[in-house]
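Per-chain numbering from 1; labels A, B, C and D assigned in written order.
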Amino acid sequence: MNSQNIYLPYKMRIEKITEEAPMVKTFKLAFVNPEDESNFEFKTGQFGEYSVFGAGESTFCIASSPTHKGYIECTFRKAGKVTTALYNCEEGDIIGFRGPYGNNFPLEDWEGKSVLFIAGGIGLPPVRSVIWNCLDLRDKFKDITILYGAKTVQDLVYKNELEEWAKRPDVKLITTVDPGGETPDWKGEVGFVPSILKKASPKGENAVAIVCGPPIMIKLTLPILLEIGFTEESIFTTLENRMKCGIGQCGHCAVGPYYVCKDGPVINYADLQLLPVEY
Amino acid sequence: MARIGVFICHCGENIASTVDCGKVAEISSKIPGVVFSTDYKYMCSDPGQTLIKDAIKKYKLTGVVVGACSPRMHEPTFRKVVASEGINPFFCEMANIREHCSWVHPKGEETTQKAADTIRILVEKVRNNEPLYPIKVPVTKRALVIGGGIAGIQASLDIANAGNEVILIEKEPSIGGHMAQLSETFPTLDCSQCILTPRMVEVAQHPNITLMSYSEVESLEGFIGNFKATIRKKARFINEELCNGCGDCTLKCPIKKIPDEFNAEMGKRPAIYVPFPQAVPNKPVIDKDNCTHFKNGKCQFCKTNCSAGAIDFDQQDQLITVDVGAIVVATGFTIKGTDFFPEYGYGKYKDVVTGLQFERLLSSSGPTLGEVRRPSDGKVPKKVVFIACAGSRDPAKGIEYCSKICCMYTAKHAMLYKHKVPDGEADIFYMDIRAGGKNYEEFVRRAVEEDDVNYIRGRVSKVYEKNGKLIVRGVDTLLNSTPVEIEADMVVLATASVAHSDAESLAQKLHISYDSYNFFSEAHPKLRPVETNTAGITLAGACQAPKDIPESVAQASAAASKTIALFSQDLLTREPIIAVSNKSTCVGCFLCQSVCPYLAIEREEIKDRNGNIIKTVASINSGLCQGCGTCVAFCRSKSIDLQGYTNNQVFSEVSALFERSEEYV
Amino acid sequence: MTELQNIAKKLFDDGSINLLIGYSNNENGGTSAIFIDNSADIDKLIYNENCHQNLMVYFQKPEVKKFGKLAFVVSLPGLKSVLEIASENQIKDGDAYFIAIDKDGNPSLLQDFHQIEDFITNNQTKPPMGLLKLMEKINNMTREERWQYWTDEFSKCIKCYACRSVCPLCYCTQCITDINIPQWISTESSPIGNLDWHIARAMHLAGRCIGCGECMKACPVDIPLALLTANLNKSIAIHFGDEPGMKADYKYPLSHYKLEDKENFIR
Amino acid sequence: MNNYKLITKQNLHSFFDALQPKNTIIAPKEINKKYYFKPVDKFEDIALDYIQTVLSAKSVLFPRSDTLFNYHRADGDYNIDEPSPIEKNTIVFGMKPCDASSFVYLSNFFLKDYQDKNIKERLEKLYIISLSCKEADNACFCTSVGSNPASTKGSDLNLTLIENDTYYVEVVTEKGQELINYSADLFQDTKEIDKSKYIANVPQKFDVEQAKQNIDSIFESPLWVKDSLACLGCGICAYACPTCTCFDIQDIGSQFNGSRVRNWDSCAFDLFTKHASGHNPRPVQSQRWRNRIKHKFEYSVENLGLISCVGCGRCIRSCPTSMNIVKTVQIFQGV
C-alpha cells in the first residue's frame, strides 16, 4: 500500500488526569508506540482528533507546548458524546489521537515583540500552549502579559500553573472572575475581561495579542485592543468550528471557501474580517 | 474520574451456595473503572459496612456497586454507608444477585456468569450516574379522611388528637358505617352501638374535626403534603345551621313506605328521614327521588311543620375545595346483592336473608325491636339454616377470596338466635371454620358446645320451597358426602364482602391502584400494608380487603400514625427520582401530559425578553412526580429524562449487557 | 382571476395575512410550493390535481413563521394535518387561514377548526387503491415473508431523512436521530442502522399519521413508507376505534385512557 | 490518446461477457421505472436507454458508509485493522458523461492535499465506460456547466449510439485500452466522427462564468431567503449529487469491537455546523442553501479550480419540494 490511511489514530495512553474545573479535565497523553513518538511533531496552535473507541472522535487543540517533548496534553469540557466518554476514561486507558492538523501561531514573526495573552474560561487551553512555548523561549520576547478570566474562581483552569506564572518575575499575570464569581479569599480582579483589559491597558505598539474565549468576550475585547494600539494584523485568535476530518474534506468547518481545520484555526483579526460570518 | 468498588455479598448461604461469589468479584475486577472488588459473608452487617467504608477511603472510590439482595431492602443501608464517606449516595447501586440469580437458578457456572453480568451492567450505570439531591416540599397539616365508618372514625380521632386538623367526609347522611348496623359484636357479644356511638359523638364534637356528611370526593389533584381535594356536598335540602334535630319533619312526612337502607331494607322509612336514632349529625335528609314535593311540587308537610324553618327545597350540591396534606381512604365494603344467588332463592323467598339483614332482626333498634321474626309472616322461626361462604371462596362465582368475617358472625348469629329462641335449631353449612383471632376459636367452640349450634361441613347446592317450608339441599362431607336436606323456617346467607361499586372510580380519582376485585392496593403486602403507591394516601379498613372491627381499627390507627408522622415534619424530603424536561428541545406536544398518572406535567410558557411567548413546553412538578417514567417512554424528541434512571444510564446498562467481552467470563 | 386567487387577494387586501403558501407551476412542468408575500404575485397561484405536496409542513419552518400571519392552500390531507398538529398543541385556532380545496377543486376559506372538521367530514376520500392492494398483499404474507419484504425495502434506504423532512408531523426540533447520548439510532446506513430509523419513524407516527403519503413520494428509493404508518393506524383503529386528523381535540389513543378501551390484555 | 472504434450492440453484449467474469460491473438497472446503479452479471439487466439514475455512481468511490478501520479491544489495548483491499476491478458500465466527469472532481478533491487511502485504492481499480445521452429532460443542464451529452471527460471509454445499432467508441485513456484488450476483435477501427447529430439537445440555461461572478459577489441578499423558503433541509440533493463530498465520522460498535465509519453528510442538515456548545454558524435553511450553491460554483472553484456541479439534474429531479439549482443560478444571473 503506497498511501497511508490518514484516519488511523495513534494509540495514546492516558498518563495523568487532572480535574481542572467542573466538567473540565486535562489529560496527559503518551504514545503507546515509540516510533509514533519519534515521528510526531507539532507547532503551537495546532489541534488533533481525540477518540474513544466506540464513542468516536472529537476535536480540540493540543494544550501543551511543543517545547515539552514526550507527551501531549489536552483539556476539554464534557459536552457531547465523545467528550463524555473521554471524561469517563481512567488513567492508563488507551485512546486514539490523530494530528496535528491546522496552521499554527507564527511565533517566529513575534520575536522581539511583547506578547499579550487574553483568555476566557475554557479558552485558556489553546493559549496555554503558546504561553509555555513563549516562556520556554523567554529571551526572544519582550513583555509577556497574561489576562485570564472565568465566570467563577471554581471555573479557572490550570490553577497550579496560574500560581506558577504569578510567581515568575518575567510574566505579568492578571486573573479575573465575573462579578459574583469571587470567593472570600480571592485575590485577583473582579470584573469582565474587556473592562479589566481596559484597566490594565498594556501597550499595543510592537506587540501581539492572542485572544481566545467565548464569542462575546472576543467581540468586546477587540475594540479595546485596537484602542490601546494593537493593529488588526497583530491580534490573533483561534476558531472553533465543528470539525470531523481535520484535513479539509468533510466540510463541517467550512466558512465560505476557508476550512478552519486546514487554513485555520489560527487567524489574525484582519483575515477574520474577510470571512463570511459563519463561525 | 470513576473509581468504582464492587462488593459481593454471600448473604450467608443464600447467594454463596449457588453463585461463586469469589469468582464474581474476580471477574468484576477486570471491568474498566473498577479499582477494587471483593466478597464478604454479610455485606449489610456492621463489619461488612465498615469494609465498604474502608475501601472507599483506601482506594478513593467514586462509586460503589453492591452485589447482594433486593435494593428494596438494603439500598438505603448501602447508600447511607456511601454517603457517610462523602460520596453522593446515588453513586451507589445494588445488583440483586440473590433474587435474580441464586434464588431462581441452580448452582452452576451460568448462574455465576449471570451474577457477574448483573454487576457489570451496574458498574456501567454508576459510570454514567450523576449526583442527585433530595427534594424538599412543604406540608399542609390537615388530613382528609374519606369514609365515616369505624375505620374512618378511628383514623380521624387519632389524627385530630395529635393536634392536626381533619376533614372527615361520609357519603351517607350519617357516619357510623356498617358497625352502626350491627347488633352485638364477636367475640365478646358487647353491643355494637354502645361502643360505637360515643366515638361518633366524639367526632362530632372534636374541635379539630370538620365532619362533612352526605359528601363525596369529586376530584383530587396535588401530591403528598399538598393535595387539593374538591368535595361534593350533596344537597340534603335541610339548612343544617337552622335544624335542631327535633325530628318533627320525619313524623309528618306522608310518604312512609320507602325501604330503609339502614335496616338493610327490612324496615320502612319516610322520604325525609334520619337514618337511625343515634345518627351523627342528627339532621334529616330529603330523599329527592321519593319525595312528593320533588315529584310534583305539591307536598310541603315537612316545611310547614318545621319550627326552625330549616327545610330548603332549593338547596344545591356544593363543591368545596380543601387543601390537605394527607388522605386516609376508609370507604369500607359492601355485600353482594340479590341477583348473586339465584340457586339459594334469595330475592325469591322472603325468608332467605343476608347476614346483615339477620343482624338487623337481632338488633334492638331494628325493625322487630330485636325479636327474631321471619320477614314473610312475622313468625318466630324454629329452624334457621346458616350458609357460610355464600359467594366467597367460590371461583365459579368469580370471588376466590375469603370474606374473612363470615365464620365469626355466623357463629355469632347462631348463638344470638339460640339465646333469643332457646327452643329453636341452628344449623350452619360451612367449608372450614376460620377463627384465627384472639378468643375467636373459643367463641366458635362456645357456639357449638354451650349453645348447641349444629355445624355441617358441606356446600349447599340449592334452596327451594316445598309445602311452605324452605328446603336446604347440601352435602355433609364429613359423612362421606351424604346428601342432606333440611327443612328450614329461615335461611341466612353469609354473603361475600365486596368492594363498593364506585371503588374503581374513586381509585381513579385518587390515582391509587386497586386489585382485580377493586379493593385498593397497599404499597407492599407485608412491609407497607397501610400506604398506597401514591405517597400521602393511606388505607384503613375493609376498602383494602375484608376485615373485622379490631383489624379495621388497628389499621386505622396505623394509617393515622403514618399521617401524624408525615405531619410532624415541616418540609418533606423526597427521593429525587423524578422526571426532568429539557425545555430547549421540548416542542410542547404534551403527549407526556396526557399519559402522566400523577398529573405532574404542567405547561410553561417560554418568553423572550419582550415578554412574547416563544413556545409552551412541558415542565414537571417535582412534588407530584412519582418517577414512574411513563412520560419518558412517550417523549418522541427524548426531551424528558428520569433522574437516577436517565435514558443514557439505562441505555448504557443494556449496551453493556450485549457487549460481554471474553475478558469478563 | 380564479376564485382561488380572489380569496387570496382579499386576504392580502384586508391585511389579514403577510404570507400565503400555495402552489404554482414550476419550470419542469410540475407544480411546487409558492410563497407569496404580496398581492402582486397572486396570478401565479394555481391549483390542480398535480398539487400534492402537503404544505402544512412549512408551518413549523422558522423562516416561514417569521413572516407573521399565514395562509395555506390545503386539500384534504393538509387539513387533516392541521387538526392533528392542533391536537398536539402546535397550532392554535386562528393562527392561520386555510384555503381549502374540495374534491372538485373548488376553494373555500376556512377560518376555524370547527369549519375544518366539517369540511373533512364532508369531503372524505378513500385511500388510493394501489396502497390498499399493497397493504393487503403484505398482510397476507407469512411473518417470514413480511420480514424479508421489509428487510429488502429498508436495505435500499440511504438515510437522507427526506421522509422526515417532508412530514408535517415530524416537527421536533431535536429528532431522535440527532441525539447521541445515548445513540438511539445508529448513524450508518446499513441494514440494522436503517431498520433502527424506520421502526422509530413508524412508531413515532403510529396513530398520528394522517396519510398524506408525502414520505413515500419523497423517498428517492421508493420505500413504501406510508404502508407502515397506515397499517399501524389500522391496528389502533381496530383496538381503540379512533382516527387521527378528524378533530382538533383528538385524544391520541395510545396516550388517553377511555373506559371502553379493551384492557383484557392487561389484567 | 483518443482512438476511435465501432462496436455493434451484439458485440457489446459479448464485450460485457468478456469483462464480467474478472470484474465487478456496476450498471444502471431499472426498478419500478426508476434507474439505479447496481452490480449486474447479465448484459440484459443493463438499462441502455435511460435519462438519469436516481442516485449517482459516486458511491463506488465514496460509499454511503465507508469503513475506515476496525478495532478490537484485548487486554486493555486495542488492535486496529484496516479493511482488506478490494480484489477485483470495478467497471461502471453505461454511466452518463456528466457522471463520468464528476469523477474528475472527486479524484481531485480526495487526493489533493491528503491521499485518501480508501478512495485512492478504489480509483486505481475503477474503470468508467460512459454512454452518451440520446435523450435529456428538463432537469438536465450539463451544457450550462461546461460539459455536453457526449463529453469524454472522466471516462475511460465513451460509447455513443450511432446508426444501425452500432456504438461509436472513443478510447479515452490507457485504462480504456486495457478494457478493449479483453476482446479487441469485437471492435472495428474507425475515424473520428461528429457525434453531435446522435446526441440529445440540452439547451444552455445559464452562463457559468457569469453565474460564478454573480454568486461570488452576493453573500447577503434577501433573495437567498426567498429562493429557499420551500427547502426543508433533507439530504436528498447532497446524497443524489455526484460531487457532494461532505461526510461525518462515527464509531459503530462498542468499546470492545467496532469500526470507525465515514458516513455521507449534508450541509443542508441543520446540525451540520452546530457546535457542542449549541452555537450554530448556519442556523437557518437559507444560509445552508446559500452554502450549497456557493460551494458548487464559487468555493470549489477557489479551492480546486473546478465547479463542483456536473449538470446531471438529480437534485432537481429528486427534490421533494422542487428546489431547483438552475432556477437559483438564473435568479442571481438576473440580479
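Just a few scattered comments:
The rule we apply is simple: a contact is a pair of C-beta atoms (placed from the backbone, for glycine too) under 8 Å apart; a residue touches a chain by one contact, two chains touch by 3 or more.
Fair warning: this is a prediction, and the values are worked out from it, not measured in the lab.
On a Cα centroid basis, the chain most remote from chain D in this structure is B.
Of the two chain pairs examined here, B-D and B-C, it is B-C that is joined by more C-beta pairs in contact.
Per-chain CA centroids place chain B at a distance of 71 Å from chain D.
Chain B and chain C have Cα centroids lying 47 Å from one another. Per-chain Cα centroids separate chain C from chain D by 32 Å. A straight line joining the Cα centres of chain A and chain D is 39 Å long. Residue numbers of chain A whose C-beta contacts span two or more other chains: 80, 93. In chain D, the residues that touch at least two other chains are 73, 76, 248, 250, 254-256. In chain C, the residues touching two or more other chains are 181. Against chain C, in their complex, chain B makes its touches with residues 516, 585, 587-591, 594-595, 616, 634, 636-639, 647-648, 651-652, 655. Only residues 1-3, 32-33, 127-128 of chain B touch chain A when the two sit together in their complex. Looking at the complex, you find that chain A touches chain C at residues 80-81, 84. On chain C, the positions that touch chain B within their shared complex are 88-90, 171-176, 179, 181-182, 184, 204, 251-252, 255-256, 267. Contact residues on chain D toward chain A in their complex (touch as defined above): 68-69, 71, 73, 76-78, 80, 82, 85, 109-110, 113-118, 120-121, 219, 245-251, 253-256, 258, 260, 262, 265, 267, 272-277, 279, 281-282, 287, 291, 294-295, 298-299, 302-303.
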